Structures are given as C-alpha cells and as structure tokens.
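In this document, chain identifiers A, B, C and D correspond to the written order of the chains, with residue numbering beginning at 1 in each.
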C-alpha cells in the first residue's frame, strides 16, 4: 500500500494549517538577513495549494500543487517548492498511487531540479541541504510511520548541522559571518512543514 | 534723564540672552496650534539684533534693530517686531536720547503700524493686544523702575485676560475653540522678552 | 533627527547650491535665496514670482521654468523669505511688463511680499499685482474664504498663469487668469506622520499608531482634527465630499485633480486614492482633465496626502495642457 | 501600519488600476500585473521587458514608455511576479524583433524570468536575451561581482538600452549596449528608517534614533552594516569612496550620477548630497553628465538614499541624452 491523491490533499491541508500559524515566525527569521517575506510566501502557497481540487492522477495532483505555488508564491522559495513539486509530478505521472519507498528517490529528483533552477549547490546552507537530508533519511523506508519519524529527526539534525555555518545562497549570502548562528529561513520553513505533516 | 542708544544695546543683549533659554518653550507653544518656529524666530532675531553695533542716533539705532529682524526673522512675528521697531525709529529719528515718558506713545505708534502691516485688530488674542496693554500701562510714567514694574504687571494681566478667549489671527485662528485655554505664543514671547529686560 | 544633512543652519543654502548645480540649464541663483530661470527674465513677458519657506519641493523654487514661474524667493524651512529677497526676486523676474506675485496666504509671507512690492515700486518702478492662493477648505469657513491658507492649489495657479504669461498676455490679463484659477481650487490634506524642521530638530506633533491628522497644512502644523486611521477609500471619500461641499460640481463639469504626497507617502498609495477619487467624480458625471498624481507640494518627509480639485473653463483647460518645463514637471 | 491603503491584499492591483487610470496615454494593463505601453509593441523594434516586485515606483512599471521599456511584469510588494506574468510581458513587448529581459539580479526573479524565457521560446517562438543588473557593490566582493544584487543602476540600463532599441537596433546590439551599461554601473545605499510591506504589516527592521544602515538594498532588507548617523557630507564621501574603489575613475572620465531617494528622503536632502558628490568627483577631474537627483528607485516610504555612478562612453552618453517619456521621466 502506498499513497494516493487524497493523501496528498489531506497532507496539503495539514501543512497549510500549520503554515498560517508559523507565518510570523518565518517572516521574522527571513527579515533578519533578507526581506522578511518567507512566511507570506509559505502560507499563501499552501493556502492556495490546499484550496485546489486535486485530480486522482497523482502526477497531475502534484502538478496542480506546483501550479498553485507558481501562481501565488513566485518568490525564491515558492518557485523552488514549485520546482520540487514539478519533479514529483514527473515521477508519478499517470499513476493513481505511489509507494512510500518512492519518497526518497522523488526527493532526490526534486533536489536536483531545484539545484538546476536556482543554480545552487549543496553545502550552501539552503533548503537544498534540507531536501538532500530528507531524501537520505527517507531512503529505503516503505511505511509511513518510520518514514515520518526519520524525516523528523533528519530535519532537526540538518538545522543543527548548518546553524553555525555561513549562508552561501540567496539574500542571506551577503551577510556572510553574520548569518552564522541563525537558522536558514528556508530550512526552517521545511522543518515547520514537517511539523504540519506530523500535526504538531 | 531718558534712555540712549547704549541703553538700547544693553537691553537687546539682555533680551537676546533670555530668548535663547526660552526658544524651546516658544517653539512648543507655537507648535500646539501653529508651525512651531516662534522660538527660532525670536532667538535668531534678538541674537542678530544684539550683535549689531548701534549708532548713537537713537532713531538709526532702532532702525538697525528693525533691519536685524527683517534680515533673519521674516516670519509673522519677526516681521511684526521689525515693524514695531521701525515705528520707534521714526519717533526718535535724529535724537541721541528719548524720555521714559515717550515709551507709552511709541508703543501706541508701534501697535498701529503692526496692525496696518498684519491687517489685524485688537481683541483677536495676538501680540497686538499685548503691545496695546503695555502702551496703556506705560502711559504717563517717566522713570524706569515704575515703568518696568507697570509693564511687567500688565503683561501678566494681559495673558490672563486673553487665555480663555479663542485666537482670531495667524495660524492659531484656524483652531477656534481649541485655542481656548492656551496662551497666544506671540503674547507669551513678549512676556518672556520683558522677563529678559528684568534680568529674570 | 533622521535626516541627511550637515549643519542644520546650512540646510537651505546647501540644498539650493545642489539644486542649481544639478539643473544648471533650468535654474540660477543670482543672489542668495533667490532662484530665477537660467536664462533670466524674458523681455516683454509678465514676470511671475512666488516665495515662501523651504521644505516643500517642488514648491516653490522647483516650479521656476518655462511656462511656469520666472523667479522665487525662498526662506528657511517653513519660514518666509525676507522682504528684501522677495524684492530681488521681483527684479529678476521683471522683463519690462510688470510682475505678478503668486503665492500662498500665510501671514509672514503676505507681510513681507507687501513690503517687497512697496519697495520695488518705489525703487525700481516695477508695476506689480498680487494673487493669493487660499485653497485649503478646512482652514476657514466659506464666509471667511479669504482667510484660508494656501496649499497645493498653487501648482495649478503656477501652471495656468505661467502658460498665459508665456503667451505674452499683459499683467492685468495674467493676473485675472491667476485669480480665476485661485478661485477655482479647493484642497484638503491629511497626515499620518509629522516631519522635522532641521533647526528645531524634533517633530512638531506626535500621532498614535492608529491615528491620522485631518486638515493638515504643509508646514508641520497639526491638523484641524484627529481621527482614527481609516482605509484609503474612506479617507478619499471624506476628502472629496468636503471639497465638493465647498465647491459643488455638476454633471458635465471639467476638473483637474491633484492627488499629492506630502513627501513620504509613495505614489503607490496615491494611485490607490486616485482610483477611488476618479470613480467618485466620474460617478457624478464630472470629467477629469490632466490628472496629477505625485509629489507636487510637500513637507519634506511627512507621510500624508492632499487632494486638490481645480474646476476648469475652456481657457484654463487649454493653459493647463500647454507646454512647460522645470526639473519636476514637463508637459509637451 | 501608517499607510494609505484598503485591504493589504489589494494594494498592488488597486495601485495598478489607479496608475493606468491616471496615465492612460502612457500605460496599459493588457492582463493582470502586466503593464505595457498604451500603444502596444512597436513593429520591428526590439522589445525590452523588466519585472520584479511592487513598491519601487517608478521602478518597474513606471519606466514603461517611449525610449524606455515596452512592458513590465509586476509582483506583490517586493516579491517576484510569476513566470506566467513574465511570459505575458514578453509577448506584449514582442514586435517581431525579439525581447531583452533587463532586470535586477534577485533569486526569485531570475528563476521565474528563466522559466518565462523557456516558455515563450517554446510556445511563441520569441527569441530573447537576458541582462541582469548587479550594481550593488556591498552585496558581494569584486571577485563575485556576478552575485551582486541589482538596485538603482537599472535606471541607466532602461534609459540607455531603451534609446538604442528606439533606434531600431537589433536584439544583439541592444543586448550588448544594455550589458555594457550594466557593467558600467556601481551603486550603494543607506537607510535611516525602514518601510512596511502591506501584507506583513510591520517594518522588517528597527533602527535607533542615531543609527543608520549602510549597504541597504531596496527590499526592506537590513543593511550590511550599521553605523552611527553621520553628517551628509561624511555619508556621501563614504559612498563615493566605496563606489570609486570598486570602479576607479580617472581624470577626464565622463560619468552620470544618480542620487536617489528610497522614498521619504526629500529632494532637499538629495541636493545636499549631490552638492558634495559633485565637488568630490569634479575635484578628481571627472566630468558629470546628465546628473539625476530624485526618486528613481524606491522602497515605498523608506528614508534613505542610494548613489549610483554610471561610467559613460560616447555611445552611452548620447543614448542617455536621447528623448524618452514616461510618467516619471521626460527627456527632450
């Protein structure tokens, strides 16, 4: 048994609900070294995504989610999320269901697509490192509970591992040393979305 | 014995010194119903006036004081003070000395010139009413000490008498009822100049 | 004081130096605090001068230019120039056909410009006239309209009288057109944050986070009344209603409207107001001609806006559309 | 939030409505968040498009006009437009001779404009090129100059490339001139007070009464370093020194300089800065050509200023002086 379009819709709704409550936190975090809009980006994007009626075709469902982000959240982060969702759409095209064990490989494809779009590299303390860490954690797991638990742990470890490095991408890059000690807002946003998935 | 150009210079210096210390108070008072510049007007004007070398001819000495105000304080109040000083210049032209008993009549002439220049009337709660009150108080007195005392009392009484009336001239006019209870800033400035004369 | 300046006492002179240096093709400063056209007075043309305090750019000096003003005398921030500076501006503007003094109704300015007029009549034999802008509807009731202060309506008077003078009309005619324009303008202002006069060093009033000043002047004076901060449409409605109550408009009337920033309010927000004002006016059958939306009469860094309506006849409409050129406004 | 607006979510759309309504002879809005010239694309002319967040007027949409841009896609305040809106702006600008995408180097904008370029190439067969402005010297060291963000230097690129396109030069030529201009621009900013993004509702940073942010961007980002508030001349000196350290100027060089307000800073204070900048540059034997002093690239009601130097060759100088017309800038 894997996951279907209806699971995606339920997940989007949970994440969207969480996004509303963390919007301020993410704006503040983004404002420290950027333009302070990440909370808006994330909450608007998921609100729109959750409001869409998803088709049964899993690939087209991912595509709709991607388009929702493209429509309302064209900032760096929104565009990267849309790019990642597009990769998932390609991977699941024409199917009604996907296995939990596909999550790991889908995350790898999302990560690569996001790197190509944003011309970023791993190790620069961005959402890319987070997706990479989640992909590694998900690898080989084929049931939802352990998978979510692994992802949860990996997200925390990833934040911890990068906190004391300088940002090398996006607006925060300019602040160099000053970014040391601060969580990358894009990574933190991913962490909060996982909180949403876990109904925290 | 009356007063000479040197007395004028000494008086200008005392008033100028006082004007510096009350500039903030007058700005604040003017700011309540106006543009908050009266303290600047008064302090700049007297600073300039006190810095001028006054000729012995009393009329030309008053003219120099008037010109000092015209040069650096062309706001309503500065222009009115300059106009009043011009009237004094006309009244004392060609003389080295004037009697203390001339102060009353000179104030009457200053008042009339100021009314003509500013198209104002008595009773509108402006510096005009103050000059009028001082003129009446000085009338008939021919020695400095009683004259200063009479002027001092008259200034306080004038402020008290007008405080609870509305302003009818200048920027404060627009505020109608709101100006009730507030001293007219121009009257208050005159009161402070008398404080300066009295070395308070 | 959050301003970019050196010694506050030098604010105006350094500003004028920089302005002349940045636009030497448009402005000249023949004597301190007097700005004239770079080319000087036009022979045979009526000269138009204005004057008043600094801190209102483009008003006053900014509007010196072809199809607009010939010279301006400029005082300290929010303070009248001296009578002598005003007299000098009139000498600079005089091309042999007399001079119109066109400025806002403020006590100090009027006293000094009157003195200046008396001086140049005596000393230089210059014939001159006065037209005062008194367009701020909240500053006195209609019965005492002549006591109102002048605000952004000046912009229309400069433009329309300036175009008439450029047609080489005589002093009487230019004065009449200027007076007609002054009579046809109504303005009202509101402010959200104050500004700071450099030499005072602190704002003249304080306002809570959710308050606005209605009936704001352009000199950092407090407004006539204070209100809870409302939405843009509600603010615009109130402003338009107060203006049209004072100067009723009928279906078919032609008006120009100036939605003006007091400085900090960005054009984005002026457009939001303009959108509403246009809907209101056109809803009443009024045609808008040459609308102006931008920073035309300011109080340095004050946040807020003014709205001016100028009711046009055919002559005024044509003059409003005539060419002009200064650093802040080019038509044609 | 001390702003004049209705529902914050409607800020941009109402602003655009008002802007188009106020200047129907200059701008049109063929589809939401896409602004084109009122007359549409010019057949046979290279189209120039730009795009980026709202809240920077006159940037971006304000510079659509003759001798400048053909279309712009506009996002929420300080946020990128969508790739689809950018694609539509390119369709609107396309007159058969291809389209130059000319905009500032910001992550979201670049990702979306790249997507847009791919889309119109596939769907509409429109050839296009990209020139990114990356003029902010403090945003990356010289070795990584291509990572710098784009700020007010855009204004020069719009003007100079726009004039070249108006000469009916081909896409390659227009692109080369735009790139040459982008390479010749250096900018630096400073801020005294922040601005508020309507949908966020509060300022993104706080600053003490005697502090300033140096190396400020135009998106309400904090500056790169914080300093005690200095006098205008000292601020200007530091800015000029940092710019010329990055792009050395020699005696005899021709440069244009843009002293730009981030919004609330009034022209009075820009002129004080210009006065100093001019003395410094001319003191080094550099000639200033067509100086620009005013509000050319803003962050709504932010207080602060940016200084841009654009080193000119003969071609760029002629193009800078060529005619142009939009609601914010008229030459000739």
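As a convention for this text, a contact is a pair of C-beta atoms (placed from the backbone, for glycine too) under 8 Å apart; a residue touches a chain by one contact, two chains touch by 3 or more.
Remember, it's a predicted structure, so these values are computed and weren't measured experimentally.
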{"item": "Between chain A and chain B, the fewest steps along chains that touch one another", "value": "3"}
{"item": "Between chain B and chain D, centroid-to-centroid distance (C-alpha), Å", "value": "54"}
{"item": "Rounded Å distance between chain A and chain D, as computed from the means of their C-alpha atoms", "value": "32"}
{"item": "Whole-Å gap separating chain C and chain D, where each centre is the average of the chain's CA atoms", "value": "29"}
{"item": "Contacts with 2+ other chains: residues of chain D", "value": "none"}
{"item": "Chain A, residues touching no fewer than two other chains", "value": "none"}
{"item": "Pairs of chains satisfying the touch condition", "value": "A-D, B-C, C-D"}
{"item": "For the chain B and chain C complex, residues of the former touching the latter", "value": "27, 31-37, 40-41, 70-71, 74-80, 83, 117-118, 169-171, 173-175"}
{"item": "Residues on chain D engaged by chain C in the complex (per definition of touch)", "value": "2-7, 11, 14-19, 21-22, 54-55, 57-58, 62, 192-193, 209, 229, 231-233, 235, 263-275, 278, 291, 293, 295, 298, 300-301, 303, 305, 330"}
{"item": "Touching residues on chain C, where the partner in the complex is chain B", "value": "75-76, 78-84, 106-108, 111-112, 114-115, 138-140, 147, 149, 197, 199-200, 204-205, 217, 219-222, 224"}
